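Should a chain be cited, it is by its letter among A, B and C, assigned in written order, with residues numbered from 1 in that chain.
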Amino acid sequence: MAKQWKPAPSRPSPETWTGIVGWLRINLFSSPANTLLTILGAGLLLAIIPPMVRWGVFDAVWLGDSRAVCDSSAAAGNGGACWVFVKVRLDMFLYGFYPEPERWRIDLMFTVLGFSLIPLLAPDFFRTGRSQALVGGCGVAVVFLLFGALPAVFMIGYTFAPFLFERVSLWHTPQQIQAGKRSAAATGAIGVFAVVAAVYWSVRLAGVETAALPVSLSAGVLSLCLLFFGRLGLLVWRWIFLFCVFSVFAFFMLVGGILGLPEVETHYWGGLFLTLVVAGTGMGTALPVSILLALGRRSELPVVKTLCVSFIEFVRGVPLVSVLFMASVMFPLFLPENVTFDKLLRALIGVAFFYAAYMAEVIRGGLQAIPKGQYEAAKALGWTYWKMMGLIIMPQTLRLVIPGLANNFLSLLKDTTLVAVIGLLDLLGIAKAAMADSEWLGFTKEAYVFAGVVFWIFCFGISRYSVRLEKKYHTNYQ
Amino acid sequence: MKFMKSLVVASAITAGFLANSVQAGTLDAVKEKGYVNAGVSGKVIGFSAPDAKGNWTGMDVDFARAVAAAIFDDPAKARFTPVAFKEAFTALQSGEIDLLTRNTTWTFQRDTKLGLEFVGTLFYDGQGFMVKKELGVKSALELDGASVCTQSGTTTELNISDYFTAKGMTYKPVVYESADEATVIYDTGRCDVYTTDTSGLAARRTTLGNPKDHIILPEVISKEPLGPAVRQGDQQWSDIVRWTLFALINAEEMGITSKNVDEKLKSNNPAVKRFLGVDADFGQYLGLSADWAYRIIKHVGNYGELYERNVGPNTALGLERGVNALWTDGGLMYAPPVR
Amino acid sequence: MQGLIDRKQSLYCSLFFGFGVITDRKSTNFCTATDSMADRYDRETDKTKRSMLNDTRVRGWVAQALVLAVIACVAGYAVYNVGQNLHKAGITTGFGFLNDPSGFDISQTLVSYSGESTYARALLVGLLNTMLVSVLGIIFATILGFFLGVIRLSPNWLVSKMAEAYTEIVRNVPLLLQILFWYLAILAPLPGPRQALNFNNWIYLCNRGMQIPRPVTEAGFGGVPIAFAIAVIFSIILVRWARLRQQKTGIRFPAYPVSFGVVVMLPLVVLLAAGVPVHWDVPALHGFNFRGGITILPELIALWLSLTLYSATFIGEYVRSGIMAVDKGQREATFALGYSPWLTYRLVIIPQAMRVVTPPLISQYLTLIKNSSLAVVIGYPDLVHVFAGTALNQSGQAVEIITITMAVYLTLSITISLFMNWYNKKFALRGF
């Protein structure tokens, strides 16, 4: 019986190169120089982290509601942070000087925003109508429980109307226009106009005069989309609702002055709430403007091109601080006497146009990356410029430039702090104001660390989200 | 074309919606909106500062309330917008505010070159210095080489340069955009001296960590007449604001207070009767009702009451009347007669 | 033919304000879909004369004319309003105010300045201060940024993670907040001048800033700068000669260490030979503050520190991506040729990485310069604080001053951009 040859089982790699020891050896102590680096790094960490943790967590004062607690703790030799200071002023940090009985309006606005953003920001999870309806239902329930029936009614309409709009999207007009019947376009235009007029007058007659114009305009945009663009997906409708319906809703919720809501002037606005308002409207306005600017810069019409190029280059060459100074000090001079723009609005316009110029450059980069064949194919089909751009080029471009846009959103969020320079009390401005309170002097570090952590959470969130999107679309555009 | 047209229409609508167009005359505009919008400094205790509940208090604030009382018979119809001095002119010019009452110094250039129109002096002040007690400084002449905190764009900033140059001393300016910042920084010890109007020093001192550790030096190095201002070119409106101020002073001189004003209606003194509009309608020349002065005194009080309530010896500021006493008491407060 | 079509195509592309259908007949020859509208429309228009309205070129020009008209109207209206508003307020316009005495003092002046100096001088002082903090920031941010970028790619796990953590923390917090943090939370609580941290009676650190000695030259010092200049010229010649010789013969000459030595040693030798005609003006406490020496304002320290730490995270990312963009084969080939890691980096990796790194690096420098305008919140007397702040408030010339400020920043930006374009052209890969 011949002995069958069996290869010896392969030996495991030496113990010193596997497991924890191996990992340490490869990653931390691979060479004398590396060992030295590791020791230095660990030393640095030991020097920095423990004192910080002790200051911020272990030695810190968390409980209590007056300065005396912190003072007695400090007197006892505890050099920790006094988070009581932040706790006592938390409302101030969140809402600024917004009157206390009206703060539910801000909460409602952000609740609605949150629930409408969930399906939009995670489209993979909420692709189906059913899952979106589920989120919407949760939203309605939450709004009903927290804010009562009337807001819940709005929430129902706001969440479920997109389903209706998706179903009834009218094919007729686009088909007719496609077929060359211009009368269809005219009929459609008249229809939109009729909707605007009807909504305008019915809202006026309902006694809410100030709201008539914006509400009817947003109804007009909705009917325009309904009549002139064939089939729009559910998520697209949600975006349209966010821009048309939610913006009007948010505006009147925050400003008030209708439906028995007391008016809250913008110089009472402040805190994190103002930061998010500036960032949100800044992003919402800058994006469409930047698309137009980018298209204009690529245009071959010399006048348009020159205008766009000079605007973009001008804005990119000056600091945002000077733009804000211009908005607050110089801009009112451009208007006729006795015409006023709210200071916050001026700052918003300044921020939005400033970032529009930066984002236009990002989008231009994306436009240049679209193969020429895409343009040619669209034109070969006889499509118009706007149709080609809207349905073929822009969707591809925007997908390409997501990381760039996210970077700009990030800078925008961080730069909202600059409105403090012209006296608006955003989160940072409120932190500064809180420090100046004579009862609570000397808690500078706490205020800044708190504001810094809040900003960091938002910014880090956005940057991680953009990395995720980038991976999803496999783009390498920078 | 369609795009352009819709763009134009949309922007016109937006502009129309957002812009708050007002008629030519400030008084008409104010009557139409139903309130007087006053630009105030915002955080100067005793002049204009919101308390914890958001109610505004202070001399400047009360003056704006007096204007509202004269027009609407309701002091609550004054609203307050904090403005930085930098924005004051544009805010007035654009109609964002109707009246600037933010303890602003009346100077030649501001009255002429900067397009403001000062209507008078609400508070006679002068620039002073605040230092820490522990430095042991007793006079401003000992301040050679000191670091001085102040606010940019103020008369203070110019005066201090003049003063130190004139006395042959040096100093290190540390200048901030807002007085709040300057105060906070002074409190950290970045500067030896904080300088602004003496009333402002008294107000700022109350907001420091330990007010008792700081003293205000005796020297007053400048004239700072603080007064309300309006935009140039609307004579009627500036008359209203000016005579509101004079009414406050005249009332004190005539001994009319918010307590006794109703009794004074029955007074036999012709000057008092004329002033309160009992048998003469002087209000019509301002575009107001006959009892305009009565309304002011009834709702807000006279100048003395304003002073005692906001900055007087019994308040946190604790300022004596000094030059702000009536001329009959040896002060500078002197108003033309209502006649 | 192809060229013609391309031109036509691009013309349609350019139809910025065009609506409706494409109507040019020639375009139909590659519209294969017979039922396409353009085709049908063309057939219809054959019968009638084509309207001018449907000509894309005419449309384009009309649209542009309209845009121009609208913009001209808006701008004209704005200018008219400015004129009206200023006229009504009795404000004089023009740049004459620049020659008026400013009346205010500035805390840090690189050129002589006092309250009697003009507004124009204040502008210069502000501009120089902006440039000072920008240059300091750029130098140190570049050094720290390169360091961060390189150690993030280090095989040492701990160190690279530390660099990553630093980057993620610092760049996700607003710069303004960091400036205020350094200024108010770190520098302001330092002890006052009388209890200043004393480093060997030589350097002091307190809440008035850092006091360092200032060298004062005496007679006989003049030789040192001359020696320095000679050394620099010699070094330049030496480096060129070494390069030429290496190209010809392949023999390397340690030109850089030698020139460094010459540049350091020659002035030093001259200095010693002249008997060290320099003494130090050492800061000393006198009354309220330190006298003598150089005072580095806490505002400058806070601004410089936060600009450096913040910008370095971005530069680090650019450097990292630049190094990663260099093909792995390059490094392997160099190692195969027996180069040391240091030479590999210096001669192969960095030169190639720099092509990728330079454009974003320069734009980061531009951002840094613009960010230095945040000085206004802590009272560092930069261009915006001194000129668009104090000078604007004192003179009331809002329009002129904001215009000048923006023009100065624009000029800085454009100058640096032009330099960048030149640099890119010079060092771009040939043949691309």
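Here, a contact is a pair of C-beta atoms (placed from the backbone, for glycine too) under 8 Å apart; a residue touches a chain by one contact, two chains touch by 3 or more.
From a predicted model like this one, the values you see are computed outputs, not experimental measurements.
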If a chain touches chain A and chain C alike, it appears here: B
By mean C-alpha position, what chain is farthest away from chain A? B
Busiest interface, judged by C-beta pairs in contact, is A-C
Between chain A and chain C, centroid-to-centroid distance (C-alpha), Å: 28
Just curious, how far off is chain B from chain A if you go by their C-alpha centres, in Å? 41
Distance from the CA centroid of chain B to that of chain C, rounded to the nearest Å? 43
Could you pull out the residues of chain A that touch at least 2 other chains? 329-330, 333, 335, 337, 386, 421, 432, 435
Mark out which residues of chain B touch at least two other chains, giving numbers and ranges. 3, 86, 90, 93, 177, 181, 184
Hey, what residues on chain C touch two or more of the other chains? 17, 19, 63, 67, 85-86, 88, 184, 188-189, 376-377, 392, 398
Sites on chain C touched by chain B in the complex: 17, 19, 62-63, 66-67, 70, 85-86, 88-92, 103-107, 114-115, 184, 188-189, 192, 207-208, 286-289, 291, 298, 376-377, 379, 381, 385, 389-390, 392-394, 396, 398
Chain C partner, complex, touching residues on chain A are 27-28, 30, 34, 37-38, 41-42, 44-45, 178-180, 295-296, 299-304, 307, 314, 316-322, 325-326, 329-330, 333-337, 375-376, 379-382, 384-386, 410, 414-418, 420-421, 428, 432, 435, 444-445, 448-449, 451-452, 455-456, 459-460, 463, 478
Provide the residue numbers of chain B that touch chain C in the complex, in ascending order. 1-4, 8, 85-86, 89-90, 93, 109-110, 112-115, 135, 143-147, 152-154, 157-158, 160-162, 165, 171-177, 181, 184-185, 188-190, 192, 231-233
Residues on chain B engaged by chain A in the complex (per definition of touch): 3, 10, 13, 17-24, 29, 43, 50, 54, 79, 81-82, 84, 86-87, 90-91, 93-96, 177-178, 180-181, 183-184, 187, 206-209
Please name which positions on chain A make contact with chain B in the complex. 97, 99, 213-214, 217, 265, 267-268, 328-330, 332-333, 335, 337-343, 345, 386, 421-423, 432-433, 435-436, 438, 441-442
